[in-house]
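A, B, C, D and E label the chains in the order they appear, each numbered from 1.
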Amino acid sequence: MNPILLEAVLVCYAFLLLLVEAFNSRMPRRYFGWAAVVGTTVVFFMTFFVDSSKMNPEAGYYGFYAADTLAILFKRFILLVSVCVLIMAIEFAPVLVRYLPVEKPDAGSGEMYSLVLFACAGMMWMASAQNFVMIFVSVELVTITFYVMVAMMRGNRASLEAGIKFLILGAIATSLNVYGIAWIFGTLGTTELPEIGAILQSIDSSLFPSLLFGFGLIFAGISFKVAAFPFQFWVPDVYQGAPTPVTAFLSVGSKASAFVVLMRVLESMLSNSELSSKILFMLSLVAGVTILMGNLSAIPQTNFKRLLAYSSIAHAGYLLMGAASIVSGNSGPAIAYYLMAYLISNMLAFGVLLVVGKSTGSDELVHFNGLGKKSPWLATALTLAVLSLAGLPFTVGFFGKFFIFSSALQAQQFILVGIGILGIGCGFYYYLKVIRAMFWLPASKEQSISSPIEISKPYAVMLILLSISLIIFGVYPEPIFNLIP
Amino acid sequence: MDIANFAEASATLGHYLIVSGLLFGIGLMAVLLRRNIIILFMGVEMMLNAANLSLVAFSRFHPVGGGPAVDSQVFLFFIITVAAAEVAIGLAIIVALYRAKQTMHVEDLDSLRF
Amino acid sequence: MMIAAIPWILLLSPLVGCVLILFFGRASKLLSSGIGIFCAGLSLLCAWFLWLKGGVVEVPSFPWVDYTSFGKQFRISIGFLLDDLSLPMLVVVTTVAFLVFIYSVGYMAQEEGYWRYFAGLCLFLFSMLGIVVAENFVMMFLFWELVGVSSYILIGHYFRRDSAADAAKQAFTVNRVGDFGFLLGILLIWLYSGTFSFNDLKGKAQVITDAAPWLLTTGLVLVFLGTVGKSAQFPLHVWLPNSMEGPTPVSSLLHAATMVAAGVYMLARIFPALSLSPIALEVVSWVGGITCFLAALMGTQQNDIKRILAYSTISQLGYMVIGISVATASTVAVFHLFTHAFFKCLLFLCAGSVIVGMHHEQDIWKMGSLKNKMPLTFIMMGIGTFALAGVPPFSGYFSKDLILEWAWIKGTPVFWFGAITIALTTFYIFRLFFVVFLGPPRSDEAKHAQESPRVMLLPMLILSILSLTVGWPFIGHFFIQPVHPEHVPLFLRFILIGFLAVGALVAYLLYAKGPLKDPIQVAVFENRFYIDNFYDWLVKEIQGRFAGICAFVDRWVVDGFVKIASGCVWLFGFCLRMLQVGNIQAYAFYFGAGILLIFFLLLSK
Amino acid sequence: MQLAIFWIFSVLMLLFAGLVVVMRNPVASALSLVMCFICLAGLYFTLDAFFIGIIQILVYAGAVMVLFLFIIMLLNLKEEVARRLKLSAFFGGGLVLCGFVYAMVKAVINLPEVWQTAPKLETGGISDVARIGFKLFETYNMPLQIVGVILLVATIGVVFLSSRQLR
Amino acid sequence: MSPLVFLILLLILTSIFCYLSPASARRTAFMGSALQLILFLSLLLIYLFRVEDGAEVFYGWKWELLPELGVVMGLGMDGFSAIMLLLATLVTFAAVWATPAPERSVGFYYGNLFLIAAGVVGAFASTDLLFFYLFHELALIPTFLMIGIWGTGDKHRVAWKVTIYLALASFVLLIGILGLYINLPEISRTFGMRELVDLANSGVLQTPDWVFVMLFLGFGALVSLFPFHTWAPGAYACAPSSVAMLHAGVLKKFGLYGLLRVVLPIFPHEMQEYGHVLLILILGNIFFVGYATMAQRRLDWMLGYSSVMHMGYIFLGIASAMVPFAGGGGSYYLNPLSLGGAGILMFAHGISIAILFALSGQLRRRTATLEFSELGGMGKTMPAFGLLMGMGTFASIGLPGFANFSGELLVFFGAFGSGGAQFLNFYQIATAIAVWGVVVSAIYGLRAYRWTCFGETPERWVGSNELVDLRGREKFAIWILVVFSLLVGFWPQGFLKLLIPALLAQ
């Protein structure tokens, strides 16, 4: 099967859903959500039948689209994220609708599902993008979709505020990105990454300043998506304000796809050894500061969603640490594995956050007090999730950290490793705060009155699957590892 | 400077790039200094256009096959389209915000912080 | 085969008894005492058998630790060294112990914790026998510590009494201080000689001395510290008087007859090495002399019947230590050890009998006129008193004077300490004797005192016979052949007798008439030269303060670093969070600054 | 000649851009931006990018800015009230601006042939539009389709975010 | 499949059953703990009959998780791990049987407890450094939860501290482990402990100094090496007694095990070079912490501090385990005395501290306080308690007959001799101070015993029926511990036969 069909099918399917939704106002919107889930799952399974050789690079794509193992891996990854996000969105629909001016109780949630699909397609394109134009276009598809999704709860001020922040800052990042691309193009005369890599191998050093100027701007643009210092400031605010499924999508999907882009850009830029030393130094500095920023600022947090936002910054830092250790040769798999671990654990965390937030109406950590008593299963799932995020053994997060740190050590990044250790120490503190809230602290009076948290069955199945895979891959990482090139 | 020279004289790549840089900077200043969100957004558009200017300049000064490098102009086409879409969405959000909050002030948007 | 098993039976039967009592003894008093006496009796039989049989008994040893690496063997075995020193000692220990076991049945009849008591005694017997048969330093140290435990358990028998609890603790702790030196000494000797077996010691010690004499001296002095602790030598003597808080039979067995003598026994064991080091001998003799003299001085002003005897024990142990240091053979000191074991045990048993008769009143100034109420006790106590004072036909005379003769021969000033102590000894023991048995009854208890039961009197009787006779050469030498010095001037005997007479005379003059309270009072002696107070101060002020400072430093300085570090991290996070002001323009500014940062990193050379 | 035109357009453009920042009234700002974009289109023309220049006028100066103006009018935005002078922002922004321009100038002067005039074009009679069109529909087919999706998403988004009542 | 897998699975399953059915959790816990002890004891017996000496690895089993990276889960048992497993299973048993049951959330309590136990057993059953580490971490969070929920005193602060401290330390350790791993050539990457040692001996594994430092700091902090010990006393004082037993008794031995198993044989030169630093730190443990222990006025804090102090002896054994050959030439041999002493002491300390924590937990359940000034006379009111407490105290202060004595003695012999023949060398001075530590521990140990069990019972307990004596099963469980301690104390040779070959085999 031609790999390009994946996105095509997905986009067409999303369009179809949109049409049906537009002309059939009677059908419950939930069905569209399930339809989207089914579609995404089907596309996910389609990825296993992809045959890259079917793709004729000359005929259609002119070096825009790569369907290498890395791309396929991340496409699967993004599809999985999307499935989770869709299921979460279905669960979240009642909350979403609360903030919308609607005619019917479930109106307005339908668009969400198709938007998720579009964003998913955009990310998949990002994973395949081989050309700065393609990168720009696919990134913009994702970004614009996220503008809409973040501001979706338009009756909710926080959501709108987050939307505006994301909009303005995202637009700045876009312009930085474009500016950078312009400079790279101006210097090298091409926007194709492999070609750039080839050119760079024998380039005159007088071009370096302009090249690095361009790269710096592009890096800033990508850093925005990755949430690397100092372009991470939007993250906590936007994560906190956005609807929870969107936050989850943003924190996992968007970050992962941005990382593929970063890896691809780096791969071409690092082909020149003189450039690479500078770039790697900058990367390691950014990585170190990002780890510190994320972890340290998370320490005094009291809002769980915001805490996860800071933690996602921290994880971006660890991922960048992997990227900065690219000379070790095995940081690619390490990053991929880390992202996989991050996917599972973060999705689980957001999954629990969503239902708890839905039931209590707030994401504050205080509302998790006594969860261990009230709904032990949820509490267990969340415990596993945060432990995995913290990198405790027998959860999938451990091997992520394990691989990242081993590649950093191989790259002799000792200072970075030191910072990483400090960050992990902080991480334990704030992740354990969640566990403390659930198991140590008694629930406040008002909460104990509120009814037990109800979860729909499919949602529970998702949580259980995530939890189980979190443990299984924590003990037996080989299946994931085999997927990684 | 005589007339002939004047007629012959044309701007160099450096000129364009510096002008584009200045435009970018002014756009950034708009973002940093103004309080109205719409004008902030305008500043962002200016920054984007500054990038466009560099692209066009580069395409003209690094011709491919005799003509200007069309790739970058195509890219520019995309940029403009995307920017338009972005503006549409952005303005929709701003309107929604205005409806909800009756404000356009960036400083009123600080309920999410720390 | 059979014979080889006997030493093991000898050693282990009290241990088995202890375990049995521990598990079943609570059922009945009879069972406890029965098991105890049976086991002690078994040991007694074995001991006598071995001794009477004589000759060398080859006993297979048990490897406690045995390892060979790189050609060096390290072996600590639990084995038996049955020779002229240990066999008589076994006999004495088991005999005295057996008698005390029997005595205890009567003495403890009304007490609580009967099983605990007998278990402790059995444990003690086991450990004491272990010391006696020990073939090497480590084994001796092992049992050395074990007797400390049993002593702890037995002193703390009345553990609900604060004084008993404290005394037990003190006894153990002070002994541990001694053991500190003992163990270091063992380590040192082991390291430089490569052995801790007593058999090899002599030869190996010669090797060390040839290489570095002070090394052996240091090792021996450290080992001697063990003796100082266990045998209550100055300055670690303070625990012994306090240990009188235990039941009287315990005081008699452990803190008079056997356990405290273990230190001397150990010195006798290492005598071959000790004799190679004149400096070590000098140290030993001075410590012995000072102890002997000071303890006697303190004893003169005590009012507690058991404490007087305790100081007397310390003083007599001092004699033995002097004996080790002055004579050319260890048998001199050991001889005194034997005689002392019998008569001091007897004295304590008599004191116990008095105490029982007086309904647990121990102050001698509440007694008096007991010779009528307790005639048998009176007689036997008299025998003990004479023996202790060293009145000629009694056993103490032979052994003590022998030591002083040796001291005279050696020409050390320590002799004069010993000689004066004779007077002091006679004085305080006669003071005790007169005040308790003569004079008017000084309290109601004294008026209504009764003779003790037969089960107590029988052991006392046996012991008094032994106390009387064991010093006579033909009987004593049956146990041990002490070496007599040659050329002892005759006047020396007169000097010693003279000292004895002076002491007795003064005591008679002062106390025989039965004064109601002590006519002389010397605060320094009564307060034991304030040594106890000094230790109290040391423990409370110096050690306590130091411990407090350590705890404080640990809590606030060492942990303080941790606290400060974590606090800094928290504060840093809190401040960093403040960057997140929530304003888009601020974020945009950060963006701009960030880009500049990246440019700086990338574009700067 | 070209240089003169360049200077005219660029100075005007920067001037109007400055006005966007300075003007109090949002409408005035928006109009300045329109002018700015028109001048920018002029600059495109000096670069022989006629198609792009026209697109610039049509899409930006036309559609986009009308949208801006429309919204400003719709919301009836008043003049910005200066709450207080944001000195810190001013200086910070100035600093960033200076730094950025400095870095850029540094990059510019290192470009080879940066101060040379543009080479002559030999287009061979094929028009700008045609070349772009061929490129767009042939080589850049795929991004173009993605851009289509972007527009679709934008439409959905706008409808979703601004419709009064959702069905 | 190795029976050790069943042992670990048994513990994990017990844990899961406890979580799932709180109603029958208590019964499950009792059964599970007894079963695992019986299972292990039978395994041990089979082991003893089947193998020549402790060097042999038995019940070996490997599960190749990531074969291309050398990540393998290896289980196996040799003499040393057999002893540690014996300790782990014994203490697990006692932690269930001898401690008071929680008042609330019984299922959760036992679930967590068995998770800790599984971690402990798994760690010592691992032949593979990575899984050794992983299993240790398994205990981290249950500990956190248990201290926080069922602890006493300043439990929340303490739980934070211990968890984060240990998490950080173990991460430092992980970096060290990774340092070993990445310095191997790609082809022979492994985490197997013996393999690593072999590779180091054959010169394939060349490690820079930082690896040693990381490993040492990591393991050291996990064992509460001075000055990284401040997490320990409070944590043990405030933890519920079962956790304190498992943690202080067994889990803490993890670091020592790692030092003996991995660091010592791989870094003989470094161990020699840094030996003096280590000796000074050890004296911090023995002398400084020893006196700090003496100043404690609560039983639980005293026990916590004492467990830190006693680590010093084991460290002394480790520090003196590498002895240069007399001929010089930069080669070393392992000192079996120090090794054996350290090994025995690990076992001994585990048992004795477990006894004491079990008893202190029982006492706290009855009196609700462990302040010495409010206790006293328990030997009368609760005779069995008093007896066992005495046993525990005696064991912990190193009285002959108990395992601690033999361990300490061997360590002293090993340490004293390892400095060479020069008089008053560093090792000898350190040993002398360590021997003084024996006096110090006697002082505080007996003080504690005297203040709890001796003297008069305070007014408030007179006539109250709260001070009931230990129940049969509690006594039984503690007696089992005592018996094992006595067994080692009376016959250390039997254990040394297992221990020393295992340690020298590397």
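The definition used in the following text is that a residue touches a chain if its C-beta (ideal position, glycine included) is under 8 Å from a C-beta of that chain, and two chains touch if they have at least 3 such contacts.
None of the values given here were measured: they were computed from a predicted structure.
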What is the graph distance from subunit D to subunit E, where chains are linked when they touch? 2
With centres defined as the mean of Cα atoms, the chain at greatest distance from subunit A is chain C
Leading the contact tally is the pair B-D
Which chain's C-alpha centroid is most distant from that of subunit B? C
Could you name the chain whose Cα mean is nearest to the mean of all protein Cα atoms here? E
Just the number, please: Cα centre separation of subunit B and subunit C in whole Å. 97
Need the CA-centroid distance for the pair subunit A / subunit C, whole Å please. 76
CA centroid of subunit A to CA centroid of subunit E, Å: 43
So the centre of each chain is just the mean of its C-alpha atoms; given that, what is the distance between subunit C and subunit D in Å? 101
Where does subunit E touch two or more other chains at once, residue-wise? 164
Residue numbers of subunit A (touch at least two other chains): 133, 136-137, 140, 144, 147-148, 151, 154, 164-165, 168, 172, 176, 183, 186, 209, 212-213, 236-237, 425
Show the residues in subunit C shared as contacts by 2 or more other chains, in ascending order. 577, 580, 582, 584-585, 588-589, 592-593, 595, 599, 603
Which pairs of chains touch, using the document's own definition: A-B, A-C, A-D, A-E, B-C, B-D, C-D, C-E
In their shared complex, at which residues does subunit C touch subunit E? 63-67, 69-70, 74, 138, 141-143, 145-146, 148-149, 152-153, 156, 159-160, 162, 164-166, 168-169, 172-173, 176-177, 179-180, 183-184, 187-188, 190-192, 212, 215, 543-544, 546-548, 550-554, 558-559, 561-562, 566
Which part of subunit D faces subunit C closely enough to touch in the complex? 89, 92-93, 96-97, 99-100, 103, 106-107
Would you pull the subunit A residues touching subunit D in the complex into a rising list? 4, 11, 15, 18, 25, 60-62, 64-65, 100-104, 107-108, 111, 114-115, 118, 121-122, 125, 133-134, 136-138, 140-141, 144-145, 147-148, 151-152, 154, 183, 186-187, 204, 206-210, 212-214
In their complex, what parts of subunit B are in touch with subunit A? 24, 27-28, 31, 37, 40-41, 44-45, 47-48, 50-52, 54-55, 57-58, 61-62, 64, 69, 71-72, 74-75, 78-79, 82, 85-86, 89-90, 93-94, 96-97, 99-101, 109, 111-113
Could you list, by residue number, the parts of subunit D that touch subunit A in their complex? 103-104, 106-108, 110-112, 139-143, 146-147, 149-150, 152-154, 156-157, 160-161, 164-167
